[in-house]
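In the two assemblies presented below, subunit A is common to both, partnered first by subunit B and then by subunit C.
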Partner chain A sequence: MTQSPLLKVRDLTTSFFTSRGEVQAVRGVDFDIHAGEVLGIVGESGSGKSITCMSVLRLLKNNGRTIKGTAHFEGRDLLELSELEMRRLRGNDVAMIFQDPMTSLNPTLTVGEQIIETIIAHKNISRSAARERVVELFELVKIPEAASRLGAYPHEFSGGMRQRVMIAMALSCDPKLLIADEPTTALDVTIQRQILLLLKEIQSRLGMAIILITHDLGVIAEVTDRILVMYGGTAMETANVHHLFDKPMHPYTQGLLASVPNVNNIDGEKLKPIPGSPPDMLRPPKGCPFMPRCDKAMEICVTTGAPEFEIDDAQSHKSRCWLHHPDAPQQKGDAA
Partner chain B sequence: MTAIDLKDLTISYSSVPVVHGANFSVADGESFALVGESGSGKSTILKAISGLNDEWTGEIKLFGEKIDPKNRTDISRITQMVFQDPYGSLHPRKTVDTILNEPLAIHGIKDDGTRVLEMLSAVGLDKRYRFRYPHQMSGGQRQRVAIARALMIKPKLLLLDEPTSALDVSVQAEILNLLKKLRKEQNLTFLLVTHDLPVASFLCDRLAVMKGGEIVEIASREQMTKGELKAEYSNELLGVHAQKLGA
Partner chain C sequence: MLAYFAKRIGMMVVTLFLIITLTFFLMHAIPGGPFTSEKMLAPEIEEALNAKYGLNDPLWVQYLNYLKGIITLDLGPSFKYPGIRVNDLILDGLPVTAKTGFLALLCVAALGIPLGILAALNQNKWQDTAVMMLATVGVAIPSYVVATVALYIFALQLNLVPTFGLDDWRGYILPVAALSGFWLSFIARLSRSSLLEVLGQDYIVTAKAKGLHPLSILFKHGLRNALIPIVTVLGPVVANLLTGSFVIEQIFALPGIGRHFVLSISNRDYTTIMGITIFYAAFLMVMILIVDILYMLLDPRIKLADRNK
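Showing the complex of A and B:
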């Protein structure tokens, strides 16, 4: 992966200005995504994973502002573009799908009409050509009897089919990057898997890059190449997916993985929750955001956030924890 | 003794049957899960048992006593329910103390406040939370309050409707551990509704897999963890989880 990344985010910092003060939702996030790569962003509620992507696409609500940082997409800094240029880019080069397919579709328009509208808005083609394109897209996302379903309204589809419609809409202008924000959270488990496998299949066929945002560690192992773990508005750890599950290095990632119940390894023993609760982003801790809940915290963690340590270059493994510093006390069980 | 005994339970909403002749029994002190996807009828069964829906036919016996759907004051003392969403199930303008005292008032139980303190400590909440409002607490803490409320009148059977699905995984682990601990300490019977098989296998001894209003299989936890489920649909559900985490 020596070519330059498709999207390169550096020091992204976003806050919301509320009556109670400044909520520091994203605090200096760095990440890259290359063409054709599937990146999973994992974190619990309030970790800043959605806001990171919203900041990149400049879709923040009125009281939210990206204070500093850059987000270069194919060399252009998205945070510097004019609103008009940005509008051309959204839907065209970068598309997004959201969690709840019911509220992201217009209930009063047929699904065909909504997608035709999107295509005509972005591309200079006739209505009938746009219509043909929609049929193609419906076949791509495996909606049965595609041609006859164009005239149906969103409520005539099941949740899984609606999410397929959303995916078809997102793909309508051949985006280079698709951002999927919890695309399967509102769906049943068996449908979840179908949708994820569909995304993966379309991704490998069309060669686009996908950012998959989720709080569910389980769903992403199968479809992502690399994972970015976020906590307290900061990227804590990143690595290739199987490497991260095998050798999590950051205490937060370790805690998160240990707290997931699993059918195969439960023998009546207790689960290991992470003690404490996530930081209040109105007053985030001065040092590492995970420090108050971390059983391995040291003095330095209280005052200074850790830099990113390179763990294993071949696995793109980086972790933001002082334990990886050469002078840190050795941890038991560290086999790095 | 059996805690729950269902015979040919059929539940309809107006004329649409949503549960077709469900049969199962749960022993006293056992923990039993109903697993399935949305619309499979698992919560509907819970609602019939709890008395939130009285439009059913068949037979429900709780601790040996037949339930009359029109008259259930006695039974609500031995069964209590915990709901999915701790944000929606606590009154936003009442303090934890008031919320916890309500079941006592409804059932005419006199208490000088010791039961509230007892229950707060049982669910692992410090006494300083006693006079707080729900909005001052996190999702996990609210779910602890909801569990404490359910236990205030010393029920024997706890009906749990997706008690952790609205919570983050690290918080979910805390609540699951708490439920397991309480069941042991207070000798409770659990009937858990969930779509999450790992949660069911952590908390329950046996489970019923439901699809389209019917119970397709009843199995033990061992059968599930060893992959010995018989019905095709159960294995489809289990397959989804086995592939999760690359396990």
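Showing the complex of A and C:
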């Protein structure tokens, strides 16, 4: 990975200022994504994974502010761009798919119009050319009878079909980066797989990079190249997907994997949930955010968050835990 | 579509018939009659008048006679104003009422909605606070207080506008302001809250994420959806404003129809009560039909005719 990343995020810090105080949603997140790569961001609700992406695209609600950090996309820091430059980039170079296709489409406009307006906003082409493009896109995302469905309204589609419309909309201007924020969470289980495989298929055909945000580990293994595990507004561990599943190094990742049901588990082994609940981001812990729930916590974890330790360069494996420090007591079974 | 309209109009006729029937019998249930007054008429004269107007007939005969008139669009003679038919009473007053009402309506729509937008776009800033304060005052203070105070200041003290009448354009200013004050404030508040709600929707975030122009987001995605609840209210508001206000017409001495509605009841002017009631009811029903059509244009999820059945 010597080429420069498509998106390079460093020390991204975002807070929401509420009547109850400052909610520190994202606390210094670093990650890279390269052209053509599929990066999965995993974490529980409130771990800051969605807010990280919303901060990069600068789509935060009024009370949210990115306090520090950089997000370089093709060399330009998105957090420094003017509102006009940002507008030209959104939907064009970087597109987004949202969680709930039921509420993310405007109920009073036809689906065709909602995609055509996106194309016309960014490309210098006629309405009729944009129309033809939408038909192509509908065929790409496998909406049956594409040409006749342009004039339909969102309520005339099922949830899965609406998410296909959202995907077509996101692809309409050939983005270099597609951010999919839990694109399958609101769908039936049977539809979830279809949508993910569709995303994967389109990705391998068109070659754009995808950030797939999810809290579902089962979802992520199949379609991503690399995983970023987030907890308490921080990136805990990152590695190539199979490597991470084989050798999780961070206690949080280990706990997360142990709490997921496995069909190969024939011994009737019980699931091990992680005790406790995620930290209150109004008053995040001073040290490692996972410390209160961690069974391997040490004294230093209480006061100081761990730096990122390089675990395995070939697998881009990094983990943010004091256990990886050379002076830390060796853990049984997972010697680095 | 045509079948739907035929059905709606059929329902309107039935409703109107029920309103006529109810009003007719309720009205006759009030003690007294059109010729009962402080100055007692000689019994023979009252008897003769009652006979002339058919008031001695059994009630159901009077009712059937009235219905017969209605079918030919004849609202009958006024009992209070001899020689004047109720049709003419309405037609004489209507232009005055409709003109002030229409101007008030323009103010409500052309000022109320933009003020609401201004407040919503500057939520919790001084523009929002100012609009909301004015709107709260506008909703809270009755129109006759506004009218009387305005009349005192602008007509009597400053001599900027006439105290009564509609002889030139300046005469319209105060009545229109007094008429529109409440609804303008109401619509401004409603527009603000409705737009704020819509702007918080997920599809607005989608529109931003698509890189659309802010004006396109505001008008095409925001306002169009925010207008739906406003249109709901605007239908009855139109009916309310165009049919006039008794109080405002009294204060500014306007020869509209609003005053007939109140006076006809205390006068037991049976035919005028009926005529004005029918006129109001029909007007309101037409406005509601128009609102329903507008709904369909604004929101494709609403279908007037159920095509599947």
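We adopt the following convention: the second predicted complex is superposed on the first by the 331 of 336 C-alpha atoms of A that agree within 3 Å, B and C clash if a C-alpha of one lies under 4 Å from a C-alpha of the other, contacts with A are read in each partner's own complex, and residues count from 1 in each chain.
Note that in this section contacts are C-beta pairs under 8 Å (C-beta built on N, C-alpha and C of every residue); 3 or more make two chains touch, one makes a residue touch a chain.
Quick caveat: nothing in here was measured; it's all calculated off a predicted structure.
K.L.:
With both complexes overlaid on chain A, does A:126 touch subunit B (first), subunit C (second), both or neither?
P.N.:
A:126 sits against neither subunit B nor subunit C.
K.L.:
Considering only touches as defined above, state whether A:273 meets subunit B (first), subunit C (second), both or neither.
P.N.:
In the superposed model, A:273 contacts subunit B only, not subunit C.
K.L.:
Which of the two partners, first being subunit B and second being subunit C, lies in contact with A:19: first, second, both, or neither?
P.N.:
In the superposed model, A:19 contacts neither subunit B nor subunit C.
K.L.:
Between subunit B (first) and subunit C (second), which does A:3 come into contact with in this model arrangement: first, second, both, or neither?
P.N.:
neither
K.L.:
Go through the superposed model and pick first if A:82 touches only subunit B, second if only subunit C, both, or neither.
P.N.:
It touches nothing on subunit B or subunit C.
K.L.:
If you stack the two complexes on chain A, which partner ends up touching A:245: first (subunit B), second (subunit C), both, or neither?
P.N.:
In the superposition, A:245 touches subunit B alone.
K.L.:
A:92 contacts which: subunit B (first), subunit C (second), both, neither?
P.N.:
Touch status of A:92: second partner only.
K.L.:
Can A:260 be said to touch subunit B (first), subunit C (second), both, or neither?
P.N.:
Only subunit B is touched by A:260; subunit C is not.
K.L.:
Which parts of subunit A are in contact with subunit B and also with subunit C?
P.N.:
none
K.L.:
Provide the residue numbers of subunit C that touch subunit A in the complex, in ascending order.
P.N.:
Its residues touching subunit A are 123, 201-203, 205-213, 216, 220-221, 224-225, 298-301.
K.L.:
Show me the residue ranges of subunit A that touch subunit B in the complex, using the header's touch definition.
P.N.:
Counting only subunit A, the residues touching subunit B are 44-45, 188-193, 215-219, 221-222, 242, 245, 255-256, 259-266, 270-274, 277.
K.L.:
In the complex of these two chains, what residues of subunit B are touching subunit A?
P.N.:
37-38, 138, 140, 168-174, 176-177, 180, 195-199, 201-202, 224-225, 236-238, 240-247
K.L.:
Flag every residue of subunit A that touches subunit C in the complex, lowest number first.
P.N.:
57, 59, 62, 87-92, 95-96, 98, 100, 103-110, 117-118, 121-122, 153, 155, 166, 169
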